[in-house]
Amino acid sequence: MISYIFRRIGSGIALVAAASFIVFALMLANSEHVARNILGDQASVEQLAAKQAELGLNDPMILQYLHWLLGAVQGDLGQSWFNAESVSYLLATRVPVTLSIAVGTVIISTVISVVVGIVAALYRGWLDKLLQVVSVAGLVFPGFWLALVLVVKVSIDWGLVPATGYTPFGESLSGWLLSLTLPVFSLAIGAVAGLSQQVRSATIAVLEMDYVRTLRSRGLSEASVLFRHVLRNAAPPTLTVMSLNFIALMSGAVMIERVFALPGLGSIAVDATGVGDIPIVVGAVVISVVIVVIVNLLIDLINGWLNPKVRLS
Amino acid sequence: MKAPKRAYRVLALAATAAIFLSGCGGANDKPAANPSEDAVLTLASGVEPQSLDPAMSREAQFVQYFQPVFDTLIRRDSNGDLQPMLATKWDIAKDGKALTLTLREGVKFTDGGDVTAEAVKGNLDRFKAAGGPLAGALGAVESVDVLDPATVKLNLSTPDPALPYALGGPSGYIQSPANFDAATVDTQPVGSGPYELDRSATTPGSQYTFVKNEDYWDKDLVKFAKIVIKPIKDENARFNAVRSGQADGMIATAKTVKAAESAGVTVKMVPGDWQGLTLLDRAGKLSPELGKVEVRQAINYAIDKDAILKNVAQGFGKTTSQVFGPSSSAFVESLDGAYSYDVDKAKALLKEAGLANGFTLKMPTSSDMDPALAPAIKDQLAKVGITVDWVDIPSAQYQPEQQSGTYAAAFTAFGQPVVAWSAVNSMVTENAPWNVFHSSTPETKTLIADVLASDEDAAGAKLAELNKYLVDNAWFAPWYRIDQPYFISKNVTVTVQNGQPVPSIYNFAPAK
Amino acid sequence: MTQALEPATAAPKSASAQRQGLGSRIASSPMAAISLGVLAFIVLAVILAPLLTRFDPSVSDIGQALLGPSPEHWLGTDSAGRDVFSRIVYGGRITLGGAALALIVAMAIGVTTGLFAGYFGGALDSSVDWVSNLLIALPNIMILLAVRAAWGSNVWLSMTVFGVLMAPGFHRLVRAIVSGVRNELYVDAARVSGLSLTRILGRHVLVAIRAPIIIYAALAGVVVIGVQSGLDFLGLGDVTVPSWGTMLNEALVNLYIAPGLMLWPGIALGVVNAALIIFGNSLRDALEDRPRVRRRSTSSAKQSAKKNDAVTPAAPEPAAFAGGQSPVPGFDEVPDGSVLAVRGLRVGYPSADGIKDVVNGVSLGVRRGEILGLVGESGSGKTQTAWAILGLLPSGGRVTGGTIEIAGQSLPGLSKGAMRSMLGKKVAYIPQEPMSNLDPSFKIGFQLVEPLRKQLGLSAKDAKAKALAMLDRVGIADPQRTFDSYPHQISGGMAQRVLIAGAVACDPDVLIADEPTTALDVTVQAEVLDLLRELQKEKDMAVVMVTHNFGVVADLCDRVAVMKLGQIVEQNTVEVLFANPQHPYTRMLLEAGLEDKTPRTRLLRPVDEPLQEAAL
Amino acid sequence: MSAPLLQVSNLVTEYPVKGWRKPPVRVLKGINLDVKAGETVGLVGESGSGKTTIGRAVLGLAPVSEGSITFNGQDISHLSGAARRQVSRDIQVVFQDPYTSLNPAMTIADILSEPLIVQGKGKAEARAKVAGLLERVHLPADAGTRLPREFSGGQRQRVAIARALAMEPKLIVCDEPVSALDLSTQARVLDLFLEIQEQTGVAYLFISHDLAVVRHLSHRVCVLYRGEVMEMGDAAEVTENPKNDYTRRLLMASPIADPVRQRQRRQERLAMAATASTA
């Protein structure tokens, strides 16, 4: 078990190194305007050259990467080129936002999907069809479109929740919840569509298992069969979808972040990629890969716990 | 939408349960007890500062992040006229090669230090040496002398008519010299301004909080207990913030004005950018066709400015053919109409230039441009025989690409500085950053020299002459000056700032 | 953009589910056919754009901006005075073409690597897996933007890159199926036939993954379109080409002066997305929801044919003797004092032509201390009868007639709760295949204790003691160890003992044993039969023993009923029936046995043979 | 006496176990057996005895770790690629599970003609041969146009037999070919095996867990237990008077379809078990 975790962490570190190198190389492929972007349109040619040299952009690519790597292994992700803050600090302010959205979306969509999926699996028939139609509808409307509509109705017309911005958890619990409500909801609708189908399929598959009949033959209540046995066995594939949803949200929520002006990882990464803030981009990639590796490891451990047959030795 | 509103709310409340109850009272329905005592000004900004170090600061929208903390040497009032601030008096030497500032006495930095001539010199020297975005603003300053604790003298290598105005902006921000070498110089600014940055309530990229400086020397400039600035890049999100009462002010575009008015948001207008094409390669280095004055004039005639003004700028603006604004001394009213939409004339001019069959012009475009602009320009230039080849540039690279010498012409939007020289220095002089191909003619050289040699009054005439020359020779193809909208909520009042797209901090006041 | 795709969602349960041509499967699902038709129509319209539109999508006339729909501009004009209809049609070329490109790239890479990694496994598999983990972990949007920053805005380039980023999805899907198919016997058969590797991969393996790939591609298409138009919408695409995303971006800029611009590109995206999703879902449903012939693992193949009647009946094995002979008198006798009495039982399943009965008026009865054998071949309805007695018919199936009485309690019409309280206590069940009848996720002890607490109301401690005692009683050497084991940690014979312990734990009056020894080795079978005999004596239970094995009947049963096509054709005591079978079917079954036959001689008269089986 | 058609000598098969330095699992522990031309050798044993592995090793589907397999004088233990494909002309297989041994997506005709085409027969020739094959296994000629799912288990097994016959092999490995079939169907398929052997003189390596089936079909029988040969000899001898304890246990454990004799057998078995446990 311990050695398995260590092996996974080792492989995760290799992933981070490879990912950071790929992104570094991509970003350096067009770094000619970085100095101009930093100094603005009024800067002189000399100023630009000085800046270029200062950032080390004249060094060979591999040297720049190694320089970054040297810092990174010591826990120093460097300094943003476009912001006076350290990369670690900037990302540290962003990660809670993105995690709040991603975790919130995953939780909400999972709760809804489990209910919807199980109801559909149990009752089939027209109810099943209806739920399928609803879940298809959830995918038809892009999340950002939904968000645009929701913000006008719910925030502006009805004034129920804030229209923009993020309130940190530490500042106000209710503020935090309120600021997440709409973004999470607009993301969750799309996620529910896919996930509820998954739960439905998995539940149907488990319900058809022989052992379910045998458990029922022992007089177990339907609730016990469903919530203890069926759910647990249907969980692993569902968890995998959840983790993929989560991974997608690490940078994929950027449109929603834009609509709600949420200072998340996605929007800082998009902005940084645009202007060429390499330390931020690479840092953001490192953070999200690390989170992905951790999430995958957790999911695998949970799956192992749920399914003793694949339990890792 | 009116009748069922209540029903919606009830339904929504019932459906969304208790968590909303605690947070329901927004900023909008809470009347401020005593506006001047604990009023909060919340601004939604379209930009985010890279650093709070004055040496790294920029003009325009960025000033709102610096003005709370830093006093400038000279203050630009809302008309753009210069008023005393840290400097009570400024004198320009007869030959224009020196500027002497007399400093206000008894002003203290928030860290307790005094604002002295030494401190001012330190700031000016540092600003020039740091190589920040606007280091060029002090390009003419050769050295700074401290004449006495309250007097500094700036020695110039060449006259700089824009210098006093510049000292009302970033190059005039004075921070505490104790902060020069601090590790936190970028993040924890220390000045003598009306507010101080509250770092604990500040998150880069999301919120900057400034609290009142209790000991500020000019109580009239401190109208709020707190100023919060939120960088929100997306205009819709900014608009939503203002509409829902989460922000009191925002920069906007013409296309949102109607919606703002119907949402009960106050719309203010200030003369803004001139927009149009900059014919960068008037020397014909990259595109020989643009080297011909007839071609550049043809481009000026070919664009239906009224149609674009109406559709893109929603009619908020005025068509023009010159790059200088009405408040600058170079402005010549008659030049606004120098080129009117005339396809035949444009065709004739092209024929004259030997380009009856037209030519192809490669220009950059990006998503920052209004989506209607590129097709409209392509369409209108096509009508006179010029084929536009648009190259999509990621928006962050758009401006650097324009300045990189890859394109002979580009769509541009430039501010119209109150001081004409600033525009000249930015676009016309041989090494101006926006004179990408370093175009220069004997006429421009002479006129520029004349401007610098003249005193303030005479310079105006020379600048107008230069303006006329640029229009006649079609260095640019301006279409119109826009009116820049700024939205404010009911909680505040504001006076727009001439020559600046967003109002200065001093211009805001709590609504009575 | 935030949709993640999981191969498992799209993949059918097994490759062997694919027993039908792809085309016919699509045709058989109206939803799939309609959505495919809509997609084809849109693709055709987009390809034929120049014929359908009168305007160049990028030629503008700013004087004609934001016009409403008119005979000239069917959908009006946009903010630059361009014709919205032609932009929609031409925009489809970019949006759909880009999506198609990404999918093709993703498929080309993912299917190839999945095919080889799945087939060969080993180091190739693990290295490809590492790369695919890398691609999954990379934040897609950032990579696309970095590529755009590095090489400029180009929808084809970015969609190619996105295709690479999406390849792991296809890789995993294909790999999972192929590594399953690799072990399919027909692939082994192909290898033995001397087929080359490429031929095996191309003809046998690829065919199995075709439908899942199409389903996955349809859903992946939605994601690609979402990402592409999302990026365009944010202004992160190429603004010089018309796409539905750039149209949305334009609409966003003009949100407050011309909100209607959102409409058409929104509808176009919605229709395509809906068509893709519905196509994918209905194709998947067509794969999953068909009456399924269960897939068997190699080890459990022995009982596979018998299992056929455990499922909604497929075509039953044609009886060797044509029906028509009436049942032997006494076939429907229910002995007096039967603790289980079934009279005229009918079980039906919905089919295309209404309810189809698979059990057709079965009557039987068992007294306390008696064992009734219920014998028949696959499709005879014996298992359906057993399940009907337990009230545990699979979904769709129901009792359509007749009565069931257990210990004086009449079952059909009993409430669910009352039925549940009967189960385990009055009537219990021993299933056929031990391994698949234990929940793999729970320890054996838990699975025994749970019903004891529920049905007997025992405390946790008492229930555990009782469970351990039961394990000991069924002959398990180390009860505590088995109690603490997971099902996969014990042997099949042991698992069957556990299931027997579970069934008799609450001292039921009636025990329904559905082929309890079929999956076991013959030596284990003998032991389990011994155990059943002892327990039956000890607890004085009435037992219904469902089996196809006359040897088992002879060993264990007091009476025997022979079932054929949902009916009992003959019923008698074992001694009489074996000595003097009356019904031709019974005789045929006994004759087909190998006992007392001269080795290496024909078992059946050859004359009538081809005729019967040829009747497909 | 002529050399046997198939000679398995000291066959050992091991599978690697996942994990660092774990010893491999030894599934076959030195198997010796032979099959003569035209002969049926029955392999009987319970699950885990290794009987299927022997068949797969002969077919080249399982690794030969030690020992050798000789066919027709040629060592085929480690053939691969083209050489193996050459041998496949002579060694064919009928698998256990009629539901998964036929590719569900191919028509019967395609399934049957595929190996022929691979071996270089023309399309028309292959098609013609398919009709003959179907006839030989007593399936109607129009069966070729259908898909496997349209057939019952017994019919599919006939198709599988036809496929094996297509190559006119000298040896067919029959891996539990009737264990998934109903009793009556099993009887017909067993008859078919016999009939084909009479007609073609093919040899069978017949693998089954059912002693009765093996006895009925085989000339000689080989009893396996945990990867080792317990007993090998004449079919009647081994199945009626087993010398080996395990074989005897196996024999006694399988119930007879006759209540009276089965009661006897049960008594004997219980008595035997009692002596075994006291011994």
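The chains carry the letters A, B, C and D, assigned in the order they are written, with residues numbered from 1 in each.
As a working rule, contacts are C-beta pairs under 8 Å (C-beta built on N, C-alpha and C of every residue); 3 or more make two chains touch, one makes a residue touch a chain.
Not measured: the values here are computed from a predicted model.
The chain pair with more C-beta contacts between its two chains, of A-B and C-D, is C-D. Spacing of subunit A relative to subunit B, judged by their CA centroids, is 37 angstrom. Here the spacing of subunit C and subunit D, counted between their Cα centres, is 30 Å.
Subunit B and subunit C have Cα centroids lying 65 Å from one another. One simple way to say how far apart two chains are is to compare their mean CA positions; for subunit B and subunit D this gives 88 Å. In subunit A, the residues touching two or more other chains are 30, 148, 258, 274, 276. For subunit C, the set of residues that touch two or more other chains comprises 145, 149, 234, 236, 252, 255. Taken pair by pair, the chains that touch are A-B, A-C, B-C, C-D.
Per the touch definition, subunit B reaches subunit A in the complex via residues 1, 5, 8-9, 12-13, 16, 19-20, 22-24, 26, 28, 48, 50-53, 56, 58, 131-137, 186-187, 203-207, 230, 232-234, 236-238, 240-241, 243-244, 246, 263, 394-397, 399-401, 403-404, 426, 431, 433-434. Interface residues of subunit A, counted against subunit C in their complex, comprise 11, 14-15, 18-19, 22-23, 26-27, 29-30, 105, 124, 132, 136-137, 139-145, 148, 187, 190-191, 193-194, 197-198, 201, 204-205, 207-211, 213-222, 224, 228-229, 232-233, 237, 240-241, 244-256, 258, 266, 269-270, 273-274, 276, 281, 284-285, 288-289, 292-293, 296, 306-309. Interface of subunit C with subunit B (complex): residues 58-63, 65-66, 78-82, 145, 148-149, 152-153, 234-240, 246, 249-250, 252-257. Of all the residues in subunit B, the ones that touch subunit C in their complex are 236, 255-256, 258-259, 304, 307-308, 311-312, 314, 365-376, 378-380, 390-395, 397. Contact residues of subunit D toward subunit C in the complex are 40, 46-47, 52, 56, 59-61, 84-86, 88-89, 91-93, 95-97, 99-106, 114-115, 118-119, 138-140, 143, 146-155, 158, 160, 163, 167, 176, 179-188, 190-191, 194-195, 209-213, 215-219, 235-236, 249-250, 252-262, 266, 269-270.
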